[in-house]
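So, here's a batch of structures to check.
After this come two complexes, each holding chain A, first together with chain B and then together with chain C.
Let's turn to the complex of A and B:
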């Protein structure tokens, strides 16, 4: 279908308007957020979109907050937390605080 | 000539020495060998055998000096007798005393060196060490003082015989001399030298003392001098008051102060200068300060800078002298400020508000720097006045203070595309920060500013991105990192998006994938943008948009992991080329409108219900709004007056417009500005409540138990940076925390809270 589409719009450009409407320009806006089940980090109770409590307190001193410095981590259980929070947590208890499964990292955000 | 101690006849040696001493003290010529011999004489007496005769030498010398001074004093007898008040005799006495003193003190200086062996060897031994004087070993002191160095002895003798006898007459005549200097100011330089010399003789005669060396001067002369001067100033002041205006009076007083300062330097010991000045100020300014205040208001309101400058000069050294003036100025600034921002009307209230207020601020800042030497007291009065005008709830009558909103709007209007040059805008921004700093409700400002910033950035309305950054940095400087954190994230999002667009285009090129539309995508991070909750409006994206969206999402997921995108179609807009029989048009419109028009590609008429279903636009209000805008633009026609489910909409094939490029402005504004303002205020209130509750919990957690008033004080001081909370609001927050069992009232006291762990 997409090929069809391409073809028609290509045709329309070549001054043979067999189409009445042609899309010329699109300024679109999208919002990104972490692809998580729960938007709040269960460890520090701060939204995962924001830096964790610890990083917030520290970045106040930094002039420029290094965006992405406080990343999100997903476990095999698909639960997600601030990476900083979780790495402190696993030192005490190597289980997901939400489901008690053995913690292993599925992926890190970037 | 041996240095060995030998037997001597005291009378013989002393007789010889005495003639030299006599010559020295009267400053007559002494032959060089005679002078040298005299040193030997002193030495040999001091080391005489079998016993040193130093004490005897001391006594004899003392006696000699006493007699010398006494005989000098006798010469003054004549003048003392005929103390009549003719100028001539006054001068005579002072001149005579001065020349006698000059000779004596000079001679004494030489004599002191002549006796240096005695001074060094005999008397130093007896002298108390400095430390002993400092630590006040009183009993020992009086014994030690019995013998002094010869120079000191001479001075002391002068004091006892000369000054004690002549002092009062001298002082009287000095005062007359000073008076004459004040009134006639025709003293010859000789007179001046004499007066200065006589006055200083009172100091010098005791200058050798380590402690209380000014006592004689102060007791005998200074006190009387100040008293007499005080009388003089008093009479001057009342004389001036009868004839002068405040302005003239001030000029006169400044002149007199200057003259007195010169006079003090001319005649008196350095320690008296301040005292004389103080006396003059007391008599001429402090005693009449209400006279000076009487025209304060007039001077401030009529901007009489010279008078104000004089007034400042005069009142500055007076204790609390400036208070009243500052108060007047404060009131004046307040009134003028309030007047300039009250009753503003028209479209650009925000511009008038900021610029009028700036004008007032600048005017008085200027006044303070020019006339009050940037005195911090005045500057703080300016701050106080401006803050009170800007934060006054009375700005526009009953509603809450609008300053924060107005200033934010002002900044918005500057940063939106306009004809002003970059440097003009930047200067205006810099200036307006002055006003911004006075705002108490900085959180309100922040809300408004971030909304406006969001609009500017999303709709590409900014003059340029550098200025946006400049402004954010200015705010950061004024309020700190936290205040601008989100603003800065918004700013960086736009930069990142530009970069992403370029990379995306490159990516497409590499894949030989051609989209045929000019695509520009802004990726905003959730949480930083004040876009409200209406983010997810259900909408079936028309197939024309599907491919770009899909391509971009694929690309985005390659670059980042763990992110999801949601498209904010209500913020998107694009250009649609409409090719009709006669002409083609390039029309700018929102995504929803484009989607609606695209449905008419293959058919001419559709029912409202069909459109709605296909696009899944369930929000009726939203649907109607966009459809209506297309109908208004005559691109679509409808068969009923009101849009209903069953209405049939058809595309207007006969559409024509003079312009080939235009824009359909859907009634974009869903909320009226007034609603938006109210909404912002409610949001701010919500934020404040959360902030206050958090603050209360923090405070209580650390203090465990706290009285009501103490808690309120703590909260006020913590929240000062971004806003000034009202007491009822704090109380409400405390109540709600009690309900939520974070804190509780203590059992034994009604106004005390304790933290519940």
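Let's turn to the complex of A and C:
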């Protein structure tokens, strides 16, 4: 709208300057993150997408020779932890350490 | 040379691995604890290379134990943080939730607590410190006693017990 106004004013002056620049392309940027309740395992305080503190302490050879990588577990309460960390804790107390609800597994990361 | 080979042999036994989980957690937690200490408490590590045992001194600035100085020993076993730290009160004290032997009744230090306030691996050392510190104020509970005798006396005559506690502090726990 302001451009029109400018045009008219410049037309009347008949001294319109060249454009300084033109917009050729507009790139929008999207950010993403894993859709999990807590990205850090509240038990060992390592990111859930990384191997847990216990698995890190063991050598990588050991992890591969066992039943695969250190996976993430989601409870029915939607809280996530390392499966290794959580299976140690449920032996003591079968409750989610974050919300105290009875712990039952919703899914495991593959 | 001999000691070095022996050291390497010990490391490959895998015993040092399990210790390091607790120690790795402690490195972060001790630092966090030190940065968030309430003004009424101080910590001291008898062995600076060992983070798993330290003293905590509480000097309450209000309440029945005001102006006293109470020392606790905190021990963190290898099964931390699946298991809570062990806390022992080393100073003689008259307190409904601390026994004559120095055992401390604090729900977050219990593994199987009925009220859902018990130990969880999400809790940290700073929570334990806040808990012990609050035993001298908000968390002091005559209705859930470890020192039953004191609690019964309190129910009968609270003023008398308050005075006894004040006298006991003056005699046993002055700064």
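In the analysis below, the second predicted complex is superposed on the first by the 66 of 110 C-alpha atoms of A that agree within 3 Å, B and C clash if a C-alpha of one lies under 4 Å from a C-alpha of the other, contacts with A are read in each partner's own complex, and residues count from 1 in each chain.
Simple rule for what comes next: contacts are C-beta pairs under 8 Å (C-beta built on N, C-alpha and C of every residue); 3 or more make two chains touch, one makes a residue touch a chain.
Note that the coordinates shown come from a computational prediction; the quantities given were computed from them, not determined experimentally.
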item: First, second, both or neither for A:43, with chain B first and chain C second; value: second
item: Touched partner set for A:21, first chain B, second chain C, both or neither; value: first
item: Which of chain B and chain C A:85 touches, first, second, both or neither; value: second
item: Chain A residues touched - chain C or chain B, whichever exceeds; value: B
item: Contacts of A:57 with chain B and chain C, given as first, second, both or neither; value: second
item: Partner chain in contact with A:94 - chain B first, chain C second, else both or neither; value: neither
item: Contact residues common to both interfaces of chain A (with chain B and with chain C); value: none
item: Chain C contact footprint on chain A (complex, rising order); value: 42-45, 53-54, 57-58, 85, 88-89, 92-93, 95, 97-98, 100
item: Parts of chain C lying in touch with chain A, wherever the complex brings them together; value: 17, 20-21, 24-25, 28, 81-83, 111-112, 116, 118, 120-122
item: Contact footprint of chain A on chain B as seen in their complex; value: 458, 460, 481-482, 485, 488-489, 492, 514, 516-527, 529, 531, 535, 543-549, 556, 560-569, 571-580, 584, 586, 591, 594, 597-598, 600-601
item: Complex contact set, residues of chain A against chain B; value: 1-2, 5-6, 9-10, 12-13, 17, 19-36, 47, 49-50, 59-60, 63, 65, 67, 72, 74, 80, 107-110
